[in-house]
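Consider the two complexes below, in which chain A is the common component and chain B and chain C are the respective partners.
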Partner chain A sequence: MTTYILRRLLLMIPVAFLVTVGIFVIIRIAPGDPILTYAGEDPNPETIAYVRAQLGLDQPVPIQYAAWLSRALQGDLGRSFQTHQRVTEAIIERLPVTFELGAAALLISVTVALVVGTISAIKRNSAVDLLTTSFTIAGVSFPNFYLGLLLILLFAYVVPGHILPPGGFTPFSTDPWDNLRRLILPAITIATASLAVNLRQVRSSLLDVFGLDYMRTARAKGLRERAVIVRHALKNALIPVVTIIGIQIGAIIEGAIITETIFFIPGIGRLAVQAIPSQDYPVVQGVVLVSALSFMLSTLAVDVLYAFLDPRISFGGAQA
Partner chain B sequence: MTEAALPVVIRAQQQTRASSLRWFLRKNPRMLVGMVLLSILLFVAAFAPIIAPYDPIKVTIGDALQPPSFQHWLGTDDLGRDVFSRVLWGSRISLSVGVISVSIGFFVGVSVGLLAGYLGGTFDLLAMRVIDALLAFPALVLAIAITASLGPQIQNAMIAIGVVAIPGYARLTRGQVLSVRSREYITAARTVGVPPFRLVLRHIFPNIANALVVQATLATAFAILAEAALSFLGLGPQPPYPSWGQDINYSQRYLANMKWWMSAGPGIAIFIAVFTFNFLGDALRDALDPRLRRSG
Partner chain C sequence: MARRFSRVLAILAVLALVLAACSGTPTTGGGTTSGGKPVYGGSVTFAMNSDISNMDPMLSALFVDRHLMYAMYDSLVRVTPKGEIIPWLATKWTVSPDGKTYTFTLRTDVKYHDGTAFDAASAKWNLDRYRLTKESQRLGELASVDTVTAVDASTLKVDLKAPSAPFLSVLVDRSGMMLSQKTVEAGGADFTRKAFNAGSGPFILTEAVKDDHYTFKKNPNWWGTAANGDKLPYLDQVIIKPITDGDVRLTNVRTGQVQATNAVTGKDVPTVKTDTSLVYQEIAGIGYASLVPNRTAGFIFAEKRYVQAVSYAMDRDELLNKGPAQGVGVVGYGPIAPSHFAYDPNFKPFAKPDIAKAKQLVADVGKGPLTFELLASSGDAATLQFAQLLQSELAKADITMNIKTLLFNDIVALQQKHQQSGMTLIGWSGRIDPDGNVYDFNYTGRPNNDSGYSNKDVDSLLDQTRTATDQAKRKDLFLKAQQIFVVDDPARIFYSFNAAQLLTAKAIQGFEVYPDQLPRFQTVWVQK
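Let's look at the complex of A and B:
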């Protein structure tokens, strides 16, 4: 198992390297001059040249990359052109917010998918099942930013009492109740699309398992239906679900970017979106890097979990 | 020698193209529904200038912020522009971005996949690491990064979404090539001296085309959704040109005044377009390639 994890980590290195090259290239092909943002209004040529030299932007691109990478490895992603704040600092400040939002979305998506997916599979072709299957097709096609707006409208004008506020963020340490209240709508917005995918996976892998011999055996030996479903069916059906959840983490990161913008949540997604119009490269670069690395690590975590859950997968290396 | 072995001739009933298409659609009713939806979308996009009741960018301040009525089916925005007309015109942007970006992804991805699968070796190793790196980004994040740096223009959005679509095709193609490569008919073709290029195009490609058609349809759904998201973030076509995502973004400022109709039209339009391609893709998968029938 350790060998497997180590091997996977080693394989990640070249990919992570290419990811950093990719991010660097993407940002540098940009037309327009960020210096103009950085040096302030109406700068003279000397100031521009000075700032350019100070930021190392007068060096050849490969050298700029090497310098950027070596600083990045030490946790220094440069300073924002706009606010002059350290990018690492700006990201670290906002990361917990995005993480909380993402975790809430994942929790909603997985819990609802498990419960409703199981009911839908057990009561196949019932009204619940019909609703579920329609939702799985509609859910992936609905644009999450429009869903966010609809939810805001719904709770601002239709549902009385303003139970759920239309946006903003309160830290959990300040007011846990308000924190959760403000988290619900954005988390639902993010969760919907991935819920549709997860739901479908839970339902179809349960249906696959229902046809297998050991299910009949379990029933034949007189187990109660609940035990048959939970201990025999669900446990085996969950294996493919885990993979799908791994893929969904990417969708959740994407969702956070859009959703934070709509709901005025001070996470890293909103940070990036606000940095785009002013060509604040270091900030965009930093956020893209952090989201790519988090996605890679979570995919790895899911793969390891998968190997752990399914004994049929060989870990490679010495122990087969 | 009383009963000589006579040659047996079995004649299959000749079918016309039209009748076999009818048969195919009858066997796959979901395909029929998907095709009808797609035809409506294409019709709207092609004839938007004729169907649209108003000029989508003409400002008529006197008509500003009217709720849906017989004159303005989906109401008007703050500049008095007819939302329904803007939605119809917006379909042109969405569909063209969908088709063009998917074509970019298809062409590059399939070429890389064919080469990697057929050549193997170093090329395969290097190409697949690059593909892995592309897959390491959440798709929309990569598209946002590319469009943000190239500049907020529709062409750049197409390029960005196209690049994001490459890994899907490359991986699918490579996998299919690997599974087809060792089949007898490929060995046979190679034995009789078919040159590699021809072998790939004439013998391998047609055998993996079904899977690619399915992938392309589903990728178009993603592309339309991604374009809407980019436009929503201000990275798509610029105002005053009508685009669904951007119009929803624009309507946000009137949310507090309960002018819900400004976003309802474009929101539902995005849903219908994306739904059409997802639905069609699913139906195609079931119809063309039962082996591909996944639940994911």
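Let's look at the complex of A and C:
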């Protein structure tokens, strides 16, 4: 197992390298000139030329990349063109916020999917099942920026008492209750689409498992229905669900981009939203690199989790 | 002749001094009085429509940055809501007879938030930093300055290379903001976003979380007083938050999470006007909206009659009231805004669309129907909606306007190189002196002259607006130039001025709206 994990970690290096090359080229192909954004509405030609040289943007792209890479390998992702803040510092400041939001969204998505999906599978074709199926279609179809706005309006104007505020962020260390209050709506916004997919996946996996021989055996042994469902059916039905959840971690980062903007949460997503239109190259490169690494690490975590869920899966040499 | 000119300047300088003396101790705005006697204490959370990029006035290139700066920094002079320049850190000033030397008398009771004293040496350091640092964004604004001298602790002398009437107005904003040398130098590269204790303003920045909030505490030692003699500021705390989505911003105001904002989208204005828990103020701003034709040789709009034809075919009332602005703003015809001293309310050359005249102008050129391309910024539904409305108006005069969307930066880059094939849709946020709205946009070869416009008469008139110090004379010169670069030989097509808005919760008092749209918190108080 350790060898497997180490090998996977080593494999991440070339992937991360390709990601950096890709993003470096793509944002430079994109039309526009970052210095014009920097210069604002009163551009002074001398200042523009000086700043361009200072930032190294007058150099050929391969040289710019080599300079960036050599600094990045030493942990320096450069400074933002716009704010002059160190990119590593900006990311470190914001990562916990996005992580908390993502974890809350994942928690909502997985918990509700497991509970409701299981009920829906057990009570197949019942009213609950019908409701669940309808929800899954709506959840997948609903764009999260729209859902976010609807939730804000709902709790601002319909639900009395302003229990859940329309956006903003309070660190957990400052005020735990306010932190949770402000997290609920954006977490639901991000969770809804993945919840719909997970719910459907849990339901269909369980229905597949229900028809298998060992389920009949478990029941024949006289086990209680709850034990049959939880210990025998659910555990085996989880493998495809875990795979999908692993992929969804990437989608959660993507969801954070829009949700953090709507709910004005100072996370990685908002950092990206500000950096992309102003062509703040160092920030965009840093955010994409971190997102790619997060995605690779979560995929690895999911693969490792398989072994615990199903002992038949092993990561020995024969698998290579 | 020269002697007479000097005498006029001397009289004007004396008049300026008298006016400055009449204003007495710099009051910091009268405030609204509907709520009775102002009370101390309380906190106000203010929402702006995007986040700042830079707290250093030297490097700041975005309008939004100034929201914070007016709370934490003082500048040498400031403006009233009517656009009049008033004493601030400089209590008075004199202008030499040749208009080239400004001598400022500075306050002696001012300390920066870091405890160091503000004096002439500090003022010199700031002005030199802004005008001599290579990457400074203030180089253009302070280009007229030759030398800065600290005569004594409270006297600052600024020598200009040539007389420059708009010079004082430049010192109102970032180019005149005074910061503590000690804190700026200690901050290094991080100063741009951690400008704690650098200013001397009414509020002290205590917390800065990018994309989330900026917290300011009251500066108990601030020097300013209100018109009624109250020591300012009233508030204990100000929090400024960037909320980019218009609906979410308004919802935050309506639910009391935020108590004030200066950005309300046009569609929401009717709603907020009828909401009795809110107070909505709106005045004409100093920014303008315009179409920028490429007037250089080889392009369609090198022919001025085509530009005039488009201008006559436009229905400016409809564009403002039926377009995405939904009536927020003021119909305009030139770049000189209602709050500028040089504004002429009777200047309405295109008050109603004149389709027949537009058709006639195109026919006079004799090259068949006019077809051109408009570059509009992509990713903004309102811009596209506006462009489509304009397209339908021009069609009535048989003018075909094809809309092409590009990134804002690309449009700017194209028009700076004078490579737009037809027109672009780009406005200007405005400056308090009309010079900042006119000179660089219409003078041959200037950096913001994106239409590539050149008219010797306009150049000559605009040069004179800079050397003349008599306001009436300057106004006359500006209006003569405006007649040419708007009507006779148009450089751009102007169609509206923006609005300066302010939406506050009812309990918020003393909050005035300024044409530059920026909030001033020192007079604000919360009704108990």
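Rule of thumb we're sticking to: the second predicted complex is superposed on the first by the 298 of 320 C-alpha atoms of A that agree within 3 Å, B and C clash if a C-alpha of one lies under 4 Å from a C-alpha of the other, contacts with A are read in each partner's own complex, and residues count from 1 in each chain.
Here, contacts are C-beta pairs under 8 Å (C-beta built on N, C-alpha and C of every residue); 3 or more make two chains touch, one makes a residue touch a chain.
Since we're looking at a predicted model, the values are computed, not measured.
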Now for A:L153: first (chain B), second (chain C), both, or neither, which partner does it touch? both
A:Y4 in the overlay: touching chain B, chain C, both, or neither? Say first, second, both or neither. neither
Touched partner set for A:F135, first chain B, second chain C, both or neither: neither
Quick one: classify A:E254 as touching chain B (first), chain C (second), both or neither. first
In the overlay, answer first, second, both or neither for which of chain B and chain C A:F295 touches. first
Thinking of the overlay built on chain A, is A:W68 touched by chain B (first), by chain C (second), by both, or by neither? neither
Looking at chain A, which of its residues have contacts with both chain B and chain C? 31-32, 149, 152-153, 156-157, 261-262, 277
Residues of chain B touching chain A in the complex: 129-130, 132-134, 136-142, 144-146, 148-151, 221, 225, 228-229, 232-235, 245, 248-249, 251-252, 255-256, 258, 260, 263, 266-267, 270-271, 274-275, 278-279, 282, 295-296
Sort out for me which residues of chain A touch chain C in the complex. 31-33, 36-47, 50-51, 54, 79, 82-85, 90, 93, 149, 152-153, 156-157, 162, 165-169, 261-266, 270-271, 274, 277-279
Can you name the residues of chain C that touch chain A in the complex? 51, 53-54, 59-63, 134-137, 139-141, 189-190, 192-193, 209-213, 241-245, 247-248, 251-252, 254-257, 379, 406-410, 412-413, 416, 428-429, 440, 447-448
Write out the stretch or stretches of chain A touching chain B in their complex. 14-16, 18-19, 21-23, 26-32, 137-138, 140-143, 145-146, 149-150, 152-153, 156-157, 197, 200-201, 203-205, 240, 244, 247, 250-251, 253-254, 257-258, 261-262, 272-273, 276-277, 281, 284, 288, 291-292, 295-296
